Amino acid sequence: MNETGRVEAFSDGVFAIATTLLILDIHVPAGSGHELTAALAHQSPSYVAYVVSFLVIGVMWVNHHALFGLLAKVDRTLVFLNLLLLMVVAALPWPTALLAAHLQNTGDAKVAGVVYSGVMVAHALLYCTIWWYVTRDGHLFRPTIDTRAARATRTRFNVGALAYPATMALALLSPWAMLAVHALLAVYYAFNQLTIPGGEPTATPD
Amino acid sequence: MNETGRVEAFSDGVFAIATTLLILDIHVPAGSGHELTAALAHQSPSYVAYVVSFLVIGVMWVNHHALFGLLAKVDRTLVFLNLLLLMVVAALPWPTALLAAHLQNTGDAKVAGVVYSGVMVAHALLYCTIWWYVTRDGHLFRPTIDTRAARATRTRFNVGALAYPATMALALLSPWAMLAVHALLAVYYAFNQLTIPGGEPTATPD
Amino acid sequence: MNETGRVEAFSDGVFAIATTLLILDIHVPAGSGHELTAALAHQSPSYVAYVVSFLVIGVMWVNHHALFGLLAKVDRTLVFLNLLLLMVVAALPWPTALLAAHLQNTGDAKVAGVVYSGVMVAHALLYCTIWWYVTRDGHLFRPTIDTRAARATRTRFNVGALAYPATMALALLSPWAMLAVHALLAVYYAFNQLTIPGGEPTATPD
Amino acid sequence: MNETGRVEAFSDGVFAIATTLLILDIHVPAGSGHELTAALAHQSPSYVAYVVSFLVIGVMWVNHHALFGLLAKVDRTLVFLNLLLLMVVAALPWPTALLAAHLQNTGDAKVAGVVYSGVMVAHALLYCTIWWYVTRDGHLFRPTIDTRAARATRTRFNVGALAYPATMALALLSPWAMLAVHALLAVYYAFNQLTIPGGEPTATPD
């Protein structure tokens, strides 16, 4: 496996584990009969937070994957920037659990919502930094990639990233709306991606 | 690694982690001497739930693996559907722990059993959706696959999937019987698979 | 990636996660100053159990790896047997935590020790079953493997496996001695392996 | 996948899981409104410990990766030494949680800091042992590697490793300073690596 492949494999591991650990923060309620049904219903913020965070991390993975698919090699700086990105990805079960625990109580939910959105902002900033770094002179790109065209996407890229700080403000108004926006952003980014000339993945029948 | 390979690797990670996290929900009992033996015996529903859920997720992985083995490439829609499927797979330690905690008490066990079977229904629905999507026009299949023959399996596929909603009803009668049926379904699906002409995996000596 | 490769990758995931989850059962003691030092010292059975179980699972992985290195392909039966083996591997953090929690108290430690050794017996039985299955007619072996020579190892293989039930009896005499024997067995199996003519792994500069 | 590849894949798994488990030791505080904000601020040692340990494990992974990139094959001794190294890597969430829990209280923080640094010393010792083993006669190196040049790095390697025991002494003076030094060492080792003639990784466009 080449260098790029192993960085991708390590990153895949962190993404896969972070999504799967999300479930550990949903506790098994005690109580019996009707109480159990009520306790399960009371946990609904946890289910919503699980679904949103799973989608968000999943789509982060899809986009991480697309970005690394453009690269022929990696260098020390990129490996280090990627490590910082993974640090934020791996942290996501914590703000998810924080938000789920406090979403029912208006005052707390705002604090938890700002923290949750703040972690998403940190992810967006690091992702933009990596994109800025690899498009600067395209020294890591596969030979078929049009570096000029890749660099031209920077503006659109950064505009999209501005949505994330806006969700911090939204968290102060309505943490539920903030969560809905993160879900919508995930679905949006799942289906809308910048296409870079020459960057089409090679589909091989194995 | 091509696109399909990386989606498989990420999925493998989620399957492997979800199975391995199941053990975290079996707690270490306190007490000493004869009390410890009794406490361990009292945990038997946890052991049964662990075995059944491990088999179920394991067989889900085997079948996921077989399905992706038919594909030459993936597209955005399939990646997104697969993400939804993995969201359900990754959630399985929670209904497993819920069922284990409440299996001894008749009233609660029914509630927990319906939730457990409900998560299995969600999995079956998503799996059928993916199968429906890839057999629709076979645009992602390896060139050797007979798309018409693959599409012809849809009916048999959906009939099998009807067993899952039936387990929800069974949970109301007997949660233990429901669990036994899930174990039998897992063993059944481990050994009986639809064979698609041209879809034999290529065994290479590496 | 071929079939064998993906079964190995999934198995590697379960082995890696099971070893890494072991640490979650060592808790952070409260208390301050000298109390903290004493509390840390009091946890020593947990450290010993961690080291032994990590070695045991690590060496299980090494041998699993060696066995699968002999195979050109897998079939449904092997995939299912391997799933049962992984079910036992993934369970190991639980008997490890059980033993660590009860090792200081003579009466309990015997119960916990029998459970711990019992799980190891289950692993040894499944591993022998897999070896028996693949050497029966060698239908899954790489073409270079001498099936007759592989089958001839069965006796030596089974004799080695008898050590595991003996550790269950030893646990009743001295759980600490039982743990020491498991550590020794792990080191022994790490350095002594059956060599099968034609089964040398291919070392490639990639 | 060849032998080296599978040892790397297993190691990658352990590194990825160990980093991702770090977040499980940051708990979700209770309390509401201003209390929640205060509780979150009170957790700051946990955040700092998370960041430092994530960087440390991440950089350990980068260097592990670079070392294995020099190898064409592995032998039993290396697999066993690597297993001991991974045992220390997988243990890191525990000293991290220990340090985070006790960093606010001067007396305890020293005890926790010595344990934290002690685990790092164990890692450095094992890493040096592996380097000493593979450079002894270079029997595992890829053919392009200059074994003599690789062996000549041993002194510089060991000098660097002396920094780790020094951090144990520093922990007695100031656990916070000790933590800062570990962060600096991680950043230093991320960007400064011994380059071995002939050991450049092969960058292939897939």
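Letters A, B, C and D mark the chains as written, and numbering starts fresh at 1 in each.
By our rule, a contact is a pair of C-beta atoms (placed from the backbone, for glycine too) under 8 Å apart; a residue touches a chain by one contact, two chains touch by 3 or more.
Everything quoted here is computed from the prediction, not taken from an experiment.
Chemist: What rotation angle takes the CA atoms of chain B onto those of chain C? Round to the nearest 5 degrees.
Modeler: Rotation angle between the two copies comes out at 90 degrees.
Chemist: Where chain A and chain D touch, do the two copies share over half of their residue numbers, giving same, or under half, giving different?
Modeler: On the two sides of the chain D and chain A interface, the residue numbers are mostly different, under half being shared.
Chemist: Just give me the whole-number Å value for how far the CA centre of chain A lies from that of chain B.
Modeler: 25
Chemist: Take the average of all CA coordinates in chain A, do the same for chain C, and state the distance between these two points in whole angstrom.
Modeler: 36
Chemist: Quick one: which residues in chain A touch 2 or more of the other chains?
Modeler: In chain A, 5, 9, 13, 17, 21, 24, 202, 206 touch at least two other chains.
Chemist: Could you pull out which chain C residues touch chain B in their complex?
Modeler: Within the complex, chain C contacts chain B at residues 1-6, 9-10, 13-14, 17-18, 21, 24-25, 72-73, 76, 79-80, 83, 86-87, 90-94, 97-98, 101-102, 105, 107-108, 111-112, 115, 142-143, 202.
Chemist: List the residues on chain C that touch chain D in their complex, please.
Modeler: Where chain C meets chain D, its residues are 5, 8-9, 12-13, 15-17, 19-24, 26, 28-33, 36-37, 40, 50-51, 54-55, 58-59, 61-62, 65, 69, 187, 190-191, 193, 201-206.
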